[in-house]
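Think of it as A, B, C, D and E in the order they're written, each chain with its own count starting at 1.
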Amino acid sequence: MIVNRNLNWRHILFYTWKSLLYFFILSVIVYTLHHEFDMEKLTVPFNVIALLSTALAIFLGFKNNSAYDRWWEARKIWGLLVNYSRAWGREVLTLSQEPDGIPSEELTAWRERLIYRHIAFVHALRVFLRHPHDYNENGEDLIEAPNDYADIRPFLSQEEADEVLSKHNPPNQLLLIQGQELQEAYQRGWLSDFRFVQMGETLTEFNNHQGKSERIKNTPFPRPYSFFSRVFVYLHGTLVPLAFVEELGLFNIPLALLINFIFLSLDQIGEMTEDPFENRPSDTPLTSISVTIEGNLKEMLGEKEIPPKPVVTGGVVL
Amino acid sequence: MIVNRNLNWRHILFYTWKSLLYFFILSVIVYTLHHEFDMEKLTVPFNVIALLSTALAIFLGFKNNSAYDRWWEARKIWGLLVNYSRAWGREVLTLSQEPDGIPSEELTAWRERLIYRHIAFVHALRVFLRHPHDYNENGEDLIEAPNDYADIRPFLSQEEADEVLSKHNPPNQLLLIQGQELQEAYQRGWLSDFRFVQMGETLTEFNNHQGKSERIKNTPFPRPYSFFSRVFVYLHGTLVPLAFVEELGLFNIPLALLINFIFLSLDQIGEMTEDPFENRPSDTPLTSISVTIEGNLKEMLGEKEIPPKPVVTGGVVL
Amino acid sequence: MIVNRNLNWRHILFYTWKSLLYFFILSVIVYTLHHEFDMEKLTVPFNVIALLSTALAIFLGFKNNSAYDRWWEARKIWGLLVNYSRAWGREVLTLSQEPDGIPSEELTAWRERLIYRHIAFVHALRVFLRHPHDYNENGEDLIEAPNDYADIRPFLSQEEADEVLSKHNPPNQLLLIQGQELQEAYQRGWLSDFRFVQMGETLTEFNNHQGKSERIKNTPFPRPYSFFSRVFVYLHGTLVPLAFVEELGLFNIPLALLINFIFLSLDQIGEMTEDPFENRPSDTPLTSISVTIEGNLKEMLGEKEIPPKPVVTGGVVL
Amino acid sequence: MIVNRNLNWRHILFYTWKSLLYFFILSVIVYTLHHEFDMEKLTVPFNVIALLSTALAIFLGFKNNSAYDRWWEARKIWGLLVNYSRAWGREVLTLSQEPDGIPSEELTAWRERLIYRHIAFVHALRVFLRHPHDYNENGEDLIEAPNDYADIRPFLSQEEADEVLSKHNPPNQLLLIQGQELQEAYQRGWLSDFRFVQMGETLTEFNNHQGKSERIKNTPFPRPYSFFSRVFVYLHGTLVPLAFVEELGLFNIPLALLINFIFLSLDQIGEMTEDPFENRPSDTPLTSISVTIEGNLKEMLGEKEIPPKPVVTGGVVL
Amino acid sequence: MIVNRNLNWRHILFYTWKSLLYFFILSVIVYTLHHEFDMEKLTVPFNVIALLSTALAIFLGFKNNSAYDRWWEARKIWGLLVNYSRAWGREVLTLSQEPDGIPSEELTAWRERLIYRHIAFVHALRVFLRHPHDYNENGEDLIEAPNDYADIRPFLSQEEADEVLSKHNPPNQLLLIQGQELQEAYQRGWLSDFRFVQMGETLTEFNNHQGKSERIKNTPFPRPYSFFSRVFVYLHGTLVPLAFVEELGLFNIPLALLINFIFLSLDQIGEMTEDPFENRPSDTPLTSISVTIEGNLKEMLGEKEIPPKPVVTGGVVL
């Protein structure tokens, strides 16, 4: 997530320089052919472009809107994960009890285990989501967040960590183990039937948060829309220098570049925003949120060492 | 679901070649009549088209937006099915228990049966949804996913499978049997009253996932909207070559084709996206999701043989 | 609900012929005055129209969007009714039981009664919703679905049907009776306290489905929006033939008619879609959904005679 | 709520005559200065206006969309109030019971009291919401619905009514008393623990309906949007007569007025719709809905005297 | 929240004067170069601007729409906090009870403590949310609401307040303490198992309200969108005076300023609205809502001294 109000122009050019180069060369060629080689028929009436650019602007509006919705939905899901993590902490600490009201050592250990395992779940989900898909062809990127399953080991026993990481879907396995621990607590009398089921429902919330995140991760914005918006921008952009070359002469080069830069950016912003779990500056800040959850839960356990919030570097929070 | 960033031009032409041919022939005729037979009055002022094309662009924007919403809703429903399938697995394994805490053989068999029947439900729902409607006139298509009720037999007893498949609505029948098994478990003391009802509510979630999918399947995007957008694109497209023929001469043919290609595509993308359960490359990937659920549940049962994820072929996941 | 991909032109003209006639006569008069009587000042600059037509297109976009939302919401509500009807059937059959586990005759009769009364509720709600409002001035229509309270009699005792139909709001009365039957089942020990309340919550779902349908039925899309969109289309349409009459001569008549036909249709589609319970071809298919629910529930009761799905006639499902 | 398909032109002029007069005088002045005093430079190129009118149309589209959303949300909230009021009636009548199953006189009185108090709550909420805010400066209006707290007295004892009306927030006080009555019923054994909590949750629904209505009432559509849309319409409208005065002469006056009337109406409709609780013809029909709820509940109590639905007067339901 | 229908021009200029000055100087320079120094080539064809301004208007429409959605969501969250605070008050007062039905002194103190602590939670959340982020660079502002953690002290014991304020996340700590008090009440027999869990669920609602507010606070509207809309407005605005300078002469200066003022405002309104917790006039009125909740809860406790609603000053409620 980018937090600085002003973007870094280096970042912008990183993603657009190839296209801008194409449009620059194109403009120069058009100018040269037109003014130096007197190919005066090499123009397109402005009306042709006007007809396309309204349609293009509306289409890009739709794309940006949808991209933003995906991004915001991703953030909402992880927001819910924050809320229910805190609720989970509260439930673990206040719904379970010994019959006589005084928590035994075993119960205290159980409580801590359930909260620590939840921290492991959150970190595991982050790592799971940030694993790149081959077909996204992201290429090299500006920034990379370290996302490694080793991050969950401090919160689990050696044995349990090994078992969980041997599974295809480690976060789901962690939720199953939480369910088994609840059953045990019920059998030991720490939870009533009703409170047992209630805490199981909170686990179902986590099933939802995981599944919803996976949905966004695994379902790209329909490729036909992305593909056509790119094709559309290029077709339109290729006609642009042909429209004003007569009237503007040399001035046509910067102006055509300016117009194309704007349409390109509108397309590019959507492209960056629509996939929020790809290890990029515009990502949903999973790392930061995971650390917040870890800190909140540790604070609820009464621990003193709270992990510090990730520093904003280069205007980016990951 | 198409996952490749670049569409295959063969696919695009597969859906648009007839219309493009019409517009090509039209442009050639217009050019010939105009320049060869000197029918100079055969033009339409650009303003007429400008007036229509803004309205058309806005209407196509609305159509694409709604089509995307339908597609995304379908994906969301199947996402929920993933989440609650995992929750179902956890509930079956952790909410049921023998009074003495040690699972009997019968209980273990019951647990396995409920999880396997749920896998059957998911596959049955997929097959049910992918059955084509006559009135959709899809014609032949590029790709076909195999969807056959035989897929559910491995997860049910011979007898039960026969009974279920004799019904008009097999998935609903499976949910009823699940309910009957819960009742039995309650009578045997494996479930408390409260946990019995709780698991029934999870079944109600599956009723919702099934019914919501059926709604999208059985309710096409209002035909008047689809029909008019097609008619509108053709009427507009027929006027386009008449607008620039004077000014552009032979150049009018490719340009008119380009403009019409863009409007056609905008219409066609929506058309492909709006029906997500029709055995087409742009479908919601029901097969892949079904296999994911099967794998997750088998992993939760501790099985070692997990079905492999379907391979991406030709950039498409089904 | 119209399911044919191609609309019938007879239907389209049924709703638009009066307006088209007006615009045709107008165009002829404008042409005659202009070219025969040399009233050359009788033109409007195209720019005036351009200024209005973008605003009009955006406004019609908003109207169509909202109309579609209403139509889709109506379909969603009836979709939920399908889902919870199936859940209701499952709950009636599996949550109620005799203490010894073997259903008595009385319990079996009770189960059947609750399911049959629910079928009556669904049909009653359909009839209730399809009763036309005076102020809608629908005039005669192409198609009429038979909707008569007599349809609910087969599912109720004579006595109960008479009582229910004497009320202002029969569907609500049916839900109250369902609640009373639940109370009785609780008193007889067929339902535990918890399952009693759970089934009451399912009834609350039906309260919601009924009330939400009534909301759409009784609350027209704000009349100022509908009224102005119609006025706006006419004002704009009246200016259209004046804009091109000079340039186009006799050709102006078909072109102006074409442009007006498009804007008229955009307005008319919204008008047809926004009220989904009015006995019209574009209605939400209440009859078809009611029969589906009836069939599903009868199948769950193990009955053999399932009512057949309504046939698609003229491309329309009601 | 306006139900007539055609608006009354008197209503329309009531809200727009001042602005129309301004634009009329402006057009006349422009014409006079231009044609009589030969101030030929007093024009603005059409392009300046074209640039603004697209932006204005989009902005008004956004405003109308948001206004409609507010209006529809208000209607949805009151729709939920209808649904849960019926559910409340059913719950009061079927969840409470004497241990022996035969309702005592005291229980019957309690049931009636809870239902009557709920009718009082609905009317109190209506009156509470229709109290105008000073800062809305509505000025005089065409219609006024009578909304007086005296309306709740028939449904409460003298004493209770006095107490409730002495509070800052009478509807909230009524819900608190309902809660206290539930507690008493629990202590008397009419409600089990579980049914007691269940009915408390229904009260929480009413807390939500009240609070959501208050939110819409107390939070105007962000003033900067409303204010700028008005300013924008005036600035744009002031330029309009300057654009065509040269070309159109005297004809400019009606045409400029027509264009401005359309933009003004688009702004004005939003303005009317965005505040649905202000005692105006376009209000959400709180009075009518309150009477519907009162009638439904009385019918459920078996009463014979049901209040008649308010008559539609002048095409308006309040 | 601004409640006055007319904005103060001083406020508007406060946020836009720098940009307006830039555009003014630019217009003057353009005019001077063009008319005084005869640089007649210093123009841009209007079509270039037309091409950009439609895209810009659509983009600003998207931005304003999203900004409004954020603002309205913030208001909705705090609306829910109002509703559930009242429900909390009712639950505390009516769900807890002594076995004999007569509230002991201890129970009365417990009830008061839970309600007062909730008031502290609301105020703490307000203060927490209004703490400005460094990276927002808000600069000095017109108005500042006093938001200080000292505001929560009157509702907590000295000791508890000290403990809570020593935490990183005071509101979350307050919810944990509420959970511990519920557990104690359960152990003392004031709450049944079921009512204990029910009240814990209400605490989970507060977890949600807090977390959702934090989400909006900590996640700015994606910076690329904000940044490009600003850049886009400036680029477009810089071209505007070049388009009409030839035609309009000196008149070009006010007209270009007018056009730019309109696009600037459209951008600026969104900018102000998108962050609703920043101590600005356009904020969600957290202070006012907090005081409303405090008053409602005190009224429910039967107290006589209700804090007065904050006065509207300068048309603003904070």
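In this section, contacts are C-beta pairs under 8 Å (C-beta built on N, C-alpha and C of every residue); 3 or more make two chains touch, one makes a residue touch a chain.
Since the structure is predicted, the reported quantities are computational estimates derived from the model, not experimental observations.
Two copies of one chain, chain B and chain C, touch each other, and the residues they use overlap weakly: the shared fraction of interface numbers falls below half. Rounded to whole angstrom units, the spacing between the C-alpha centres of chain B and chain D is 39.
Counting partner chains per residue, chain B has residues 50, 54, 58, 61, 194 touching two or more of them. The touching chains form a single ring; listed from chain B in the chain C direction they are B, C, D, E, A.
Residues 1-7, 46, 49-50, 53-54, 56-58, 60-61, 64-65, 68, 71, 75-76, 79-80, 82-84, 86-87, 89-91, 93-95, 97, 101, 192, 194-195, 198, 243-244, 247-248, 251, 255, 258-259, 262-263, 265-266, 269, 272-273, 282, 295-296, 299-300, 306, 312, 315 of chain B are the ones that touch chain A when the two sit in their complex.
Listing the residues of chain A that touch chain B in their complex gives 41, 44-45, 47-48, 50-52, 54-55, 58-59, 61-62, 65-66, 133, 135-137, 167-169, 172-173, 175-176, 179-180, 182-183, 187, 193-194, 196-197, 200-201, 203-204, 207-208, 210-212, 214-215, 219-220, 222-228, 232, 235.
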